[in-house]
Every structure is written in C-alpha cells, then in structure tokens.
Amino acid sequence: MSPASRYTYLGPEGTFTEAALRTLPEAATRELVPMVSVPAALDAVRNGEAGGSLVPIENSVEGGVTATLDELATGRPLMIYREVLLPIAFALLVRPGTALEAVKTVTGHPVAQPQVRRWLAEHLPDAQWESAASNADGARLVQEGRYDAAFAGEFAAATYGLEPLVTGIHDAENAATRFVLVGRPGRPAARTGADKTSLVLWLGDDHPGALLELLQEFAVRGVNLVRIESRPTGEGIGRYCFSVDAEGHISDRRVGEALMGLRRICPKVRFLGSYPRAGVEPSQTTPLRRGTTDDEFAEAADWLARCVDGRA
Amino acid sequence: MSPASRYTYLGPEGTFTEAALRTLPEAATRELVPMVSVPAALDAVRNGEAGGSLVPIENSVEGGVTATLDELATGRPLMIYREVLLPIAFALLVRPGTALEAVKTVTGHPVAQPQVRRWLAEHLPDAQWESAASNADGARLVQEGRYDAAFAGEFAAATYGLEPLVTGIHDAENAATRFVLVGRPGRPAARTGADKTSLVLWLGDDHPGALLELLQEFAVRGVNLVRIESRPTGEGIGRYCFSVDAEGHISDRRVGEALMGLRRICPKVRFLGSYPRAGVEPSQTTPLRRGTTDDEFAEAADWLARCVDGRA
Amino acid sequence: MSPASRYTYLGPEGTFTEAALRTLPEAATRELVPMVSVPAALDAVRNGEAGGSLVPIENSVEGGVTATLDELATGRPLMIYREVLLPIAFALLVRPGTALEAVKTVTGHPVAQPQVRRWLAEHLPDAQWESAASNADGARLVQEGRYDAAFAGEFAAATYGLEPLVTGIHDAENAATRFVLVGRPGRPAARTGADKTSLVLWLGDDHPGALLELLQEFAVRGVNLVRIESRPTGEGIGRYCFSVDAEGHISDRRVGEALMGLRRICPKVRFLGSYPRAGVEPSQTTPLRRGTTDDEFAEAADWLARCVDGRA
Amino acid sequence: MSPASRYTYLGPEGTFTEAALRTLPEAATRELVPMVSVPAALDAVRNGEAGGSLVPIENSVEGGVTATLDELATGRPLMIYREVLLPIAFALLVRPGTALEAVKTVTGHPVAQPQVRRWLAEHLPDAQWESAASNADGARLVQEGRYDAAFAGEFAAATYGLEPLVTGIHDAENAATRFVLVGRPGRPAARTGADKTSLVLWLGDDHPGALLELLQEFAVRGVNLVRIESRPTGEGIGRYCFSVDAEGHISDRRVGEALMGLRRICPKVRFLGSYPRAGVEPSQTTPLRRGTTDDEFAEAADWLARCVDGRA
C-alpha cells in the first residue's frame, strides 16, 4: 500500500483510539498502523509515511490531551480534517472464569482511573490499582497473569483472550473522548453547515486585556467558541497560547473575517482546519446572531461598494 | 450661471457662514446664495437648484446644530464633501461714533449670547440683550437705530455701515464653529490620510447594550470616534439615532469593515461621506492601533486565502 | 408665601410647561411663577427665591432641551426630584369667528414648527409661518391681531380670549415633552421600583474607547441606559460630556456600584438625582439581568466576607 | 508531632517538590511526609492528618498540573497559602564512574522528557528513553542498575548513591515549576502588595460570550489575570470551568468587587486563596489602572454616601 493509504493511530491495538478510527468508513480500505505515542503517530504524517493519523484530542473527564494539542501547535504544520466522538464505557476484562470477588488487583491507563474511580470504590473497594502504559497494555498484563483485571474497551477482550466481566462502566454521565483525523496541510474539508474551525492563537504581549481583545474578535462577528484552552508556550511561567475551537467554517464570511482580525492582532495564528462537527446536525447548531449570515455579509459589501462609488 | 456652479449657504449675507464659505478657494468662481434656513439651503441642493450648500453643523459652545443634523439624517440623502472650521470671535458693531458707555441695548443671534455672556457681564453689565434672527440681522437693526450695538463678525461692519468698537470677543478659549459643504450623493472626496467619515446610525431595538455593540464595531477595528451625538428619531421619547464622526476614510480597510459591520447590525445606516479633516495634517492623526493598517488588512486577507486553498 | 413654597417654571403663562406643572398634585398649594428663560427659572432655585422649578428637558421631536441640559451640567449644583411626561398636541388658536380659510399667517415657538409641519402642508399650504418667543407669546400676538392663528396648547385659549379652531395637532405619533422638577441638592426621591437616575459624565482624556469604557461600567452591573446625549464642554471642538439617564435608583446596589465605578474613571461626575419614571409602573421596567438584584448583591457581599474570614 | 505540624508533599523523596518545600523557612520545623500522588497528599490535609501539603500546580513547559487543578476545583474545599517557584534544571545522574559515552538507556518522569529532549538529541542521540514513575524513582532504578542514567534534581544524587554527570540541563530558557502550599480553608495569607488570588469559575450556561462576560468582571475593575486555564467539568464534552489566577489580594477593593461580580454571574465560584506572588516584589507588579486603588474606591464610596444623603 502507498503511504497515502496508511493511517497511523495512537496504539496499541485494542485501544479506544483504534475503535474510534474504525468508525470512519474509509478505515476499511486503509492500512491502520498503531504507533507508540501521539508524536510518533503525527510525525509519520509529517514525514510522508502516512496519509493521516487519528489521535485523541479531548476527553470530557481529563480535559485536553496535551500531547496532541502541543504537537498541533508546534513543529511542522498539520491540519485536522475530521473529528470522531466516542462515548466512554469501560469493560472490566478478566481471564475466563474469574469472579468479581477474586479481583484483588486492577490496571488500566492512568486516564482511565478517574473515570472508574467511583465504580471501583463501590464494587471493588479493596482492589489495588496500578497504572499500565495503555488500556490495551493493561489487558495484556492480565493475560500474562500480572493483574487480575483490566479496565479497557470491551472490544479488546478478544485480542487478549479475556472476557468482559462487567461492561458499560463510566463514572460520569456523557463521558466521551474526542479524536481528530490529522493530515498534512491542504484544502479544508467541505462546508456542511455544522462545522468547527480549530486555531492556535498566541497573545501578543502581556498587557492586561489581551485575551479579552482576542475574544472580542470572535464576538463582534457573532462567532461562538466551543472550546478554549490555554497552553504554555514553553517560554516561561505566565506565557500562554490558546487552543480554540469555534463554530463555523473558514468559508463562512463571519469566520473568515474573525480569522483575519485575529491574524492582525496576534503575533502568530495557526489555522488547524475546518471540519464537520461530530454528532451535530446543521439544524442543531447555535442560531446565528442577526447580521452574521453570508447573505448579510454580501449585502453589506454591496452597500459599501455603492457608498464608495457614490451610488448608495 | 448653471445651478451646479451655485452654492447656497445659511444666510443672510454677513454671517459667519458666509465668511466660512469664502475660505474655500472654489467660492471665488461660484454664485453664493444666502438662504433663510438650513432646510431651505439644503433643499436647494436636493432639488438641483444648487450644486452645494454650506451649513453650520457644530458649535463648540452650543453643541450640534440640530437642524443640520436632522436634515442630513432624514429626507432625500445628501453627502458631505468638505468641512470648514472657523474660530469664533465676535466684534461689537456700533454706528460710527458710538462710545462703549453709550451702549444700553445689544442684540445678536441667540447662539451668540452664551459666547459673549462673560464679556458682557464684565464690560457692559447694565446693557440689555435682545435676540435677533441672525447676527447679520442684528447688525441691520443697529443700522436702523433699534439697538445700540450688535455682536457679529467683524466682516459684517462694512455691509451695514457700522464700525467694530471691540473685536476678538469670545468667552471660551478655542471656541469654533464647524461648517460642512453638502452636495447630492456621489463619489466621496479623495483620501488624504487625515480624513473623517460621517454616519447616522439607528439602533435596532431597545435592548440594553445596543449602543455598546455599535461602539464595539468601531473599536474592534481600531476606528476612533471624534464625535457622537444622539438625536431623537421622532418616534417617541426614548428612541434615538446617533450622528457619528469617525477618524479615517471609507476607502481605509478598517473603516470599510466597521461600516459593513454596522450595516449588518443596525436596521438603518446612512453614509454621509468621507472628507478631509479641517485643520488636521496626516501627521497629527491618532496613531493607528497595531493590526489596522491597509497593509495589515491585505496581508491577513492573503493569509486567509492561503488557508482556504490549503497553502497556509 | 415662603420661597420654599414657590415653584418657578419656564413661562409665560399658558405654555405647555405650566400645563405640565399643574399635573403635579402639590402644584395646587404652591405659588407658581413664570420665568423668562430656563436659566432664570433655575437661578431662582439656586438663589433660594424658589423651592423648585419645572423646566422642559426633552422633546421627542426636537431632542434634548439644550439650555436645561447645560444649566444642570454646570454652575451651582441642582437636582431632579420628579419628571412629568406631557403628550404633545397643539391647538390652532384663532380670534373668535375666524375660519380656517381666512388663516394666512401663523405663529408659535420655533420648536413647535417641526411638530406641525406636515399638518400645515396639508391643511394650510399657503399660510406663512413666523416664530414667536413662546407658544403663549404667539397666542398673545394673535390676540393683538399681528397674526391670524397660533399653535399653542388648547389650555391657552381662555387666557388670550381666543378659540381653538382645530385641536389634537401633532405630526409624530407618540410625541411628548418631558419636564423635570428641579430643586437644590438634597436626599433623592424615595425608591419606587420604577426609577431613573440622571448623571452628567465627563470623559477623562481623548483616548479612543473612553466612551466604551464608560458604557461598560453600566453594562457590567446590568444597568440599562434610557437616554444618552453628548454636550460640548465649551473647551473646544471635540470635547464632550455626556448627559445620561439610567434605569434604577441610586439606592439600588447595581446602580450604586456603577456610579462609584464612573466616579473612579471619570474626571468629573455630577449626580442629578434618582426619581420615579413618569408613566412607567414597576411591573413595566426592563427585567433585571441575573445577578443584579439587591439580594444577589447582598449574598455576594456575605460570601466575600466569609472568604476574607476563612469561612467560605 | 501533631498533625498540624506535618506537611505532606508529592513524593517520593528526592523530587523537585521536596526541594521546593525545603525552600520554605518553616519546613525546617515540620515533619515532611512524601505521598504517592497529589490526591493522596491533599486528602491527608482534608482528613486532618497534615496541616499542609506542597504540590506542583504549573509547569512552564507542560502546562497546568491537571491533577492538582482538579483536586482543588472539586471535593472538600482547600486553600492555597503560599507559592514556590523553582527553576527547572536537571542533572544527569549516573552510578559513580559512568562516562557519558557509556549511557545507552536513560529514564526520568514523563514530564521531564520534553524538557530535556533537545539536550538528549544533541548529546545522547542514540540513548533510549523509558519513563519512570517519578524522577526520584528513575534515580532508584539507576542505582539498581536497570538504567544507565536518570534525569533528576541534582539534590537526588546523594540519596541514591549516584553522581551528577551533567548539571543545569533544561531545553527551555526560564523553565520553572510552580508549587503551592495548600491547607484547609482559613483566613487568607496577609496582603503584601504583590499578591495573587486563585479562583475556579464555572460558566453559567453555554451562551456565546459567557467567557467574555466573565473576563469583563475583572477588566472593568482593572484586575489583571496572570493565568487562565479551562478544565472539563466532567459533565460532558464542551462543559468547562476555568482555573484563574488574578493579580491582587482579596482585601484589595478592586479584587473584592470583581469577586462579588463573578459570584453573582457564575453558578459556582470557588475561592482558592490570596497569597504572595513568588519572585515578584511589590515594585514589580503591573501598574494599577487609574481609578482602581483602595483610596479611589474609598473616595467613590464616600461620594456615593454623600449623594444618597443629599450632601454631594
């Protein structure tokens, strides 16, 4: 297969990331390659060894996946073309025949722990937790007899010869992980009417109100933010950049004008792509504020042209 | 002479408006026609009987000349092509031979009164003031012997056979009147680098914060206001429109974008023209905020195009 | 009568101001004294010759009554204790027996003219208008035979031996004049739940955005403005102060906090009083934004105290 | 020793957290107890087993220490009383006698890796990295012979019988870690003039502009933010709370008023303490905006009281 038809993902096999990747129709015709880390998965794309990569970017319990945010903010540019939302539900995987009472040690990825903490306290209050490198790795360690049980996706049971003793475990209602399909820079995904635009914005100087100014560039054009996270720039305590997801597509006039405004006031802006919002139909998007539709932008531009020409 | 070469002005002859009009080089080749009122002066332009009209629009002591503001805001559209700033300094005009001690009655236009009040209290504490229809009319009434003295422009003395007993009278330092040269809608005056753009803006609904939103359309593009006045719309107590002068020319990108933003959120916007600021050199304008020059707008538009094309 | 029981008003007798004053119950027990001008009416209060004065402050067709605005903004402080809203409806007063066809000349106060312009154009297109010093003065001039008809309040007919030929004349729907009852500074009128607070605010320096900052002091506390007008400070073209009416009473916590904020950022603030809104019941006021009731202010202050004391 | 004189910290011994704790003078008289995790360290305080706990909260390379942020935002309330800023500089610890050329495997805490990545690429391009549970743990594993070298604080060498082969390693200039000393809720640390106030703020509803409103509560009182981070609330993708550090002390009037404003508009606010800014003298703080000193607040409150009493 050509590199372009290869997709990397944050491995190993049997993790939620692989499950998320397999929800994409095109995954059926791609070579799916697990990688040991987010940087490794994305570098394969940067180097031309893969056409795309699926990595987790946000977890409603643990917050931003900082490795992904930082990889996208720095280094050779990449772009997001798709997002996948996967509800979080763990299974407790055990070797066949193990009873719940027999579970004295449990393992799983560190980010899994806070998501099953309450369940553990209630059902296995005496079990001892030790972290594994990944949920799949935890399953492997159970297979090897190192632990009695592992929290992982139910889909991982078969791979490791385990059985799901309990399924549907998740402390928080509505817990989900968001993954993004990343590729080299190119033309953004087509506009669907329920889109999202991702950016990284650097604040110019430390002047109070700089973040407020930045938010006003969105607000004055009626562009809503659905996520904003600060990330350190690595230039010392107190220096941040902001990772932002805004509603709308770069080809929407209001979004384009906001982006140009940010480009003018921020010392650095990185456009990370416009792509369809997972799980949101066009009819479910936030109603546009008056004066922010493409038609209204076009009408205003016509009016301005008439004013300049003396025909208003 | 053709109507196009005729300029009307707020008369009668011998007023400050005529003096302001004569500061324009082109006045030498125009037929200058005094009119009885601002509406009459402007209607002559609307009807094609004159090519332009000079009317007072702002007086630093008395505030906006409301007749002018309201005429420009309503009725058939007109545009401003030039402004003239005239320092206010009154002369006390008397019949030849009259001494200051002999002045018992004085007259002048009602707007002159607050501008000479302190001078009168000091030099003629017992003189009685009565208002005249205009400063020039006051001079005429002195000529006819009805009053002892009139406050008017020194230039009016000759017309009425009077002599200026005292000159340079003005209570407030820096007092000035601003006049505008108005014509039918056409291409705005050329950009000079020290320009002003005049608008009338109607607020959409009564929601609190509507004025704040309107001001933010200017602020976010770094466009400064030099004047803002509310005027009643005539639709009842509490309904206003705003007469606004902003720094910059409609062909400046930051001004154009602000105008389009206002056009989108206001139910009605009237563009009254872009024209050179009287008495301000390009080097004296407010420094532009970062990110608001035409070059920065152009660079941001290029960048957006590259993002949309996948070449950023 | 003692000076305290004397009310001055903008005369002469028979004007709308007198009619407005007579709508106040207490007017029945006061000596009502007409004065020749707004400054004269207010100076009588300042000098202790009168306990109060009723003057027009806003006219929904002509806008702010600038003499009143400027008198309240400067000179020895005064305060507003009450407002009166009077629907505008002119009567055409004639000498008994005059027919409409016989009316060739009409008079009235200059501010009356734009409010009857359309009616005149329709019913008396050929009649000639000349301005009088007041509506009442116009009626007197008709009585003396100088004009055929005067626009004035219907109530003026009897005073001048005239009869109302046509009544209820007003071009604009909902036209009204707002009057204020002014006194020397004292404790504001009691809170009613439908109150208004009047202020004059000076902008600190000419920095762009100064007006925006001023409006944000109101907005952040959820205080709505019902009127804002710029007035020249008399210090030269481009220097303004703002005459503002806000919803709410100075004893409302949100209003008090906004006032203190303005006091801190403006070089000068003049508090002109809190008083009941004419024609507005408490149930008709703009709903308060969340977090701006007195209870919510009190709860937040309690919480802050607990935080400071280590008991939160 | 009594529990009150016991301080826990994020262990094990020999980590930067211990080094940070030992910079506090009072540490000399306290029992210092390493704990296996941030939650464990803080729960000891909650349970009364310790009087305080030092935990890392921010790392200028890796960003917020999410475990600390989330522990402070939820569960039984805690407060911050002090912060410690520790420059990041790693030593490469080896068994005595090991030469740089002999280092084939290196270990350290995962957060150390990005901070020494460039140094590794330059000086040990072929060495293989494996993560340890902590920097101290990595040192122990080197002692046991599992790895050739560990990145850790130079101070950890003695504890594990190692020697620092290279010191002062840090990729980013100005890299530092910020630690906080946490205790049960009580009276905040005394005001020093260079203070910081920490808060967690929940946004009320998802309405666009909610974050902007929140920032304006600070901005309008001239309170500067030095850090803002979004954290998921655990209630589903797209629901965040904000962890915020503001300049100033809760007893500063501008800070107190901003806090009350936030309390009123946010469904939930958690006050995490006011404490001295590490490494910042009062003379180095951001100059206060006009109108935001305690004196100006007091003067404005006096003025308001005079207005309410009719003595303004």
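Going in written order, the chains are labelled A, B, C and D, and every chain counts its residues from 1.
Note that a residue touches a chain if its C-beta (ideal position, glycine included) is under 8 Å from a C-beta of that chain, and two chains touch if they have at least 3 such contacts.
Note that the structure is predicted; figures quoted are calculated from it, not measured.
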With one step meaning two chains touch, work out the least steps from subunit A to subunit C. 2
Can you work out the whole-Å distance between the CA centroids of subunit A and subunit B? 57
Distance between chain centroids, defined by C-alpha means - subunit A, subunit D (Å): 26
Using mean CA coordinates as chain centres, what's the subunit B-subunit D distance in Å? 59
Subunit A residues touching 2+ other chains are 216, 219
Which of the chains are touching one another, listed as pairs? A-B, A-D, B-C, C-D
Which part of subunit B faces subunit A closely enough to touch in the complex? 77, 79, 185-188, 204, 216-217, 219-221, 250-251, 256-257, 259-261, 263-265, 271, 290-292, 296-297, 299-301, 303-304, 307-312
Subunit B partner contacts - residues on subunit C that touch it in the complex: 58-63, 66, 85, 172-176, 178, 208-209, 211-212, 215-216, 219, 222, 224-232, 234-240, 286, 289
